[in-house]
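Okay, so here's the structure we're looking at.
Each chain carries a letter (A, B, C and D) given by its place in the written order, and its residues are counted from 1.
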Amino acid sequence: MRGTDSQLVRQEEQRQDLGFGTKINSGFGRLINKDGSFNINRRNESFWDRLNLYNRLITMSWPQFFGWVLLFYLTANLFFASIYLLAGADGLKGTTDVDNFGLFWKAYFFSSQTMTTVGYGHIAPNTFTASLIASFESVIGLLAFALATGLLYGRFSRPVAHIRFTKKSVLAPYLDVNAWMFRIINARANQLIDVQIEVSLSMLETKPDGTLTRRYSSLKLERQQVNFFPTNWTLVHPITEDSPLHGCTPEDLARSDAEFLILLRATDDTFSQIVHSRHSYRYDEVLWGRKFKPMFDSSRQGLVSVDLNALDDTYVAALN
Amino acid sequence: MRGTDSQLVRQEEQRQDLGFGTKINSGFGRLINKDGSFNINRRNESFWDRLNLYNRLITMSWPQFFGWVLLFYLTANLFFASIYLLAGADGLKGTTDVDNFGLFWKAYFFSSQTMTTVGYGHIAPNTFTASLIASFESVIGLLAFALATGLLYGRFSRPVAHIRFTKKSVLAPYLDVNAWMFRIINARANQLIDVQIEVSLSMLETKPDGTLTRRYSSLKLERQQVNFFPTNWTLVHPITEDSPLHGCTPEDLARSDAEFLILLRATDDTFSQIVHSRHSYRYDEVLWGRKFKPMFDSSRQGLVSVDLNALDDTYVAALN
Amino acid sequence: MRGTDSQLVRQEEQRQDLGFGTKINSGFGRLINKDGSFNINRRNESFWDRLNLYNRLITMSWPQFFGWVLLFYLTANLFFASIYLLAGADGLKGTTDVDNFGLFWKAYFFSSQTMTTVGYGHIAPNTFTASLIASFESVIGLLAFALATGLLYGRFSRPVAHIRFTKKSVLAPYLDVNAWMFRIINARANQLIDVQIEVSLSMLETKPDGTLTRRYSSLKLERQQVNFFPTNWTLVHPITEDSPLHGCTPEDLARSDAEFLILLRATDDTFSQIVHSRHSYRYDEVLWGRKFKPMFDSSRQGLVSVDLNALDDTYVAALN
Amino acid sequence: MRGTDSQLVRQEEQRQDLGFGTKINSGFGRLINKDGSFNINRRNESFWDRLNLYNRLITMSWPQFFGWVLLFYLTANLFFASIYLLAGADGLKGTTDVDNFGLFWKAYFFSSQTMTTVGYGHIAPNTFTASLIASFESVIGLLAFALATGLLYGRFSRPVAHIRFTKKSVLAPYLDVNAWMFRIINARANQLIDVQIEVSLSMLETKPDGTLTRRYSSLKLERQQVNFFPTNWTLVHPITEDSPLHGCTPEDLARSDAEFLILLRATDDTFSQIVHSRHSYRYDEVLWGRKFKPMFDSSRQGLVSVDLNALDDTYVAALN
């Protein structure tokens, strides 16, 4: 048996910590932003770590991504066109009268035909220098498109859970007690299986010496995990006597800067990838005395309809 | 110790739920279709979520996929051919007499030579406008083929379990009791390891107030997991006294709209990917008093033969 | 508590089964071949399942793979060359005197220039038909190379454990008892972490009614798992009183067609992929009364040398 | 219950072993290098296993990688240029006066235009032999760029944890005892979740017979795992009575060649990949009687700042 002689060490071991620490954010402010990122500022990060190029190219929106690809293409062609002109105007010789729109554009279009490896040949490198530059430009073009191929695949195959959370959580009557609840749906058509959810409550506490400290308690859910997630799922934390919310008023939650931190894990059925989703509700995102309306329309026999637009619908319900 | 003061909350926590909910489908109709998808209709899904483009391109059949690729290629060439013609008939100048099949087809073939970056050059862009369009078309062509590369790889590398389930399950004598059984084989030549199976039974129940509710109970299998899966595997749920099927007649199953829900997890040995498979048997897909015939042909010494065609073979066997 | 009323069902549940079944291979012959595949013949497999094209192209050797790529390239060019000739000899018109090596080769090289999208243009399609064929050939060429890209990546990134097992296992003295042992090394330079091993012993047993049945027992190892695997690892099953090998002679093992089945799981550190390896030793691959020689050369201070060639070295050691 | 009759076997089973073995490195020298690799020399490794081409191309630095790509491109062009010249000077015929920079460079640039599939056509293969060589070169070029595509994607998508460990660990006062501590931060902007850490202490021991043997003990941490890792994390091993460090002096650690071995596992949130990191601190990398300074700057309300440069900052603190 492994005993610990220090009482203080044993206490510290039992304290829950999600990784934010107790000293962090003893002032007021949310820990997890609505988009799932952390509300933390990192100073003195190195340029490359801050840039994090691959991650950005993978996670930016599609219009942004294609914008950057196009910008790269135009800039690279401008750059090489200038190089060809610097290397001598006679370097590129057209077999036809392509000179009619000027030397610069001839060099520009030759560059684009080289970089994409189209190479019609009606403009072709005529000197050693121009040939050498074209030889490099074509290999750079191929590597750039190899990169684009990888990025496109990375963007598509990245495991993302498109979980939609209700905008607000509710505090509603539940059986013979009350419960804190929120609701989620899978916004995408592909199936999620083995969905698990963990909820923690972060609250500020005044220590005996008067300083503020942050305490985390995990909230027990009526159901932590489901095998399938074809419709909606209402997560329920019953406020029984052992709940940290037992006896709390809205004012108590506000005073302690309460924040519900949610971590979801699931498996995407199409690609068997693990996906994650983070969310948080602050004390002012709890509706007291409201319940979620059902999202089903079971009027037709044998086929269940879920109305995704009804996700945030609630109605008044007197608390127990 | 964590006690819960509410009796009702405790009861609710112990109720099994696969994620379908109790209210769903209180009418009659299957929960899981024969292809493993869910029998659920989603209303008000957004256009992009419903389209789910990448998923569709990955999961559609090969002829469909190549059909769409070809359609895109033809349409894009038609589009660019029209643009070249609009930009002026003198934009494309052939070095040879390629005009003999008409201006449109010259533009069309020039477009296809540009998009695939073949660029013979016997037709080449002759004006600033035509050169500019060609410069864009070639980069669009490269990105389109980058995308096709990613899609082809995604299609091939997607983890799929080709499990074949028997068309019907059986209710057969087993040792000194009866058992509900079904049988599976791996239809593909690559090996599956660490195969796990979970089976749940969904039944309608009449609540004291006369409304119908759905109850789920997990069925205990004689063996939930095997390390290797080289041949066939017969899954056996012995109907002992603690089974929800104990004492049930075919009529009981029909009345309660019984459905056996099956979730299989395994590891594909070639790529070390987790694969999943779902299946379901409804009450009318249970053969009462039949047993599966062995699939082995062990006539030859030292080599075992499995006849995949014998998967669904059964014979009459009197129930205990 | 979940009791089972049938004694026979309870017995059956406790029987170990790796997934081979008891009836399989009641004759003599190994279950797992030396290359880790299963010694099972599958009849009536469908053509595509048997072909399993992607798997084969991924797992075949490099010379075979490049052979098939080349064969495809040559065949496809021959095919398209024939099509161009059938479509009319005047379809391809060279700007230079490329006719000097014959019409067929002109068509063949034009085809290869189109398929690879080189498209010099000194041979170019001159008729509508030839242009149309070339338009299709170039897109087919691009898709074929897209496929090759995916296959090359799939081949490289496939998680494979290059574990080398000793050719024979040994039965050696160990502390104050005897033990069955084998030894493994990681043949590759990349690190494996969290290596786990499971060993089962398969033996034939005569049932009371005189028929043969196969029994599987898992063998307890001195150590089932290591965090790191930088050198060699000797797996040791001590033959204590509760071992199925206790009191066995070489003749006993031969009579019961004994086979040691080994399943290894590990994580490749470079790509964080799970890798698997299977192996088996039959009764005639156990050296009785021999021990493995150390593979270390610790003559130099501060640096440990492992001699990979010493893997199979053993010496005589009297059994306890 | 599974009893073991041999006392010695039972003792051996309880000995901890990370996979290094006890005999390894009984001399002095670190087990894990500062870069996380193992301090082991492998003799008689086969050429291909030692080369481990794919791994090297994936893990080398970016300048090195592009250097090798360029070197391959230049060498392959030189090789094919020589082949074209050997096959006859008349094989390549320019449509324009490209001969003005010599036969060799004409062949070289033709080769580069073929390999990258640019194929302007102002230099084109004129004989059967030259056409045949060009036909092979273009397919080799395509396969090489297919390979480069896969390698680029593999480099980008490889799961790597950019964890920065403090240069030194400290032995500091902690509550009412002392503790051995080190600190880590995530150097990258992408989030890590479910971070787990295991620490083992390796020490030399003198056996009764006077020989040295290495003993491993796992160190109990105040907290082994956190859900989120947005800021820094200080790992604390409290030196209570059951710690192997209890009562140790700096001299004791030096005499027993003590080394703290650290294994970190986490999940990269962007790609849901498992990432690993190894580290080690030797006895001379422990600062006795120093504590880590906080890395926070919580002066501004509602936003926490972490100063990454403060990772290694410590101050003097008298031990308990």
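Just so we're on the same page, a residue touches a chain if its C-beta (ideal position, glycine included) is under 8 Å from a C-beta of that chain, and two chains touch if they have at least 3 such contacts.
Since the structure is predicted, the reported quantities are computational estimates derived from the model, not experimental observations.
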item: Shared chain contacts [chain B and chain C, defined touch]; value: A, D
item: Shared interface numbering between chain B and chain A [over half = same, under half = different]; value: different
item: Superposing rotation of chain A relative to chain D, computed on C-alpha atoms, to nearest 5°; value: 90
item: Greatest separation from chain A - chain, by CA centre; value: C
item: Chain C-chain D separation of Cα centroids, rounded to whole Å; value: 26
item: Chain B and chain D: spacing of chain centres that average the CA atoms, whole Å; value: 37
item: Chain C: positions in contact with at least two other chains; value: 95, 113, 117-121, 149, 153
item: Residues on chain B engaged by chain C in the complex (per definition of touch); value: 69-70, 73, 77, 95-98, 100-101, 105, 109, 112-113, 116-122, 145, 148-149, 152-153, 156-157, 162, 174-177, 187-191, 193, 195, 220, 222-223, 226-231, 233, 238, 240-242, 267, 269-272, 294, 296-298, 301-309
item: Contact footprint of chain C on chain A as seen in their complex; value: 117, 119-121, 149
item: Residue ranges of chain B in contact with chain A within the complex; value: 2-6, 8-9, 12-13, 17-21, 23-29, 37-46, 49-50, 52, 54-55, 58-59, 93, 95, 113-114, 117-121, 124-128, 131-132, 134-135, 138-139, 141-143, 146-147, 149-151, 153-154, 158-159, 198, 200, 263, 273-276
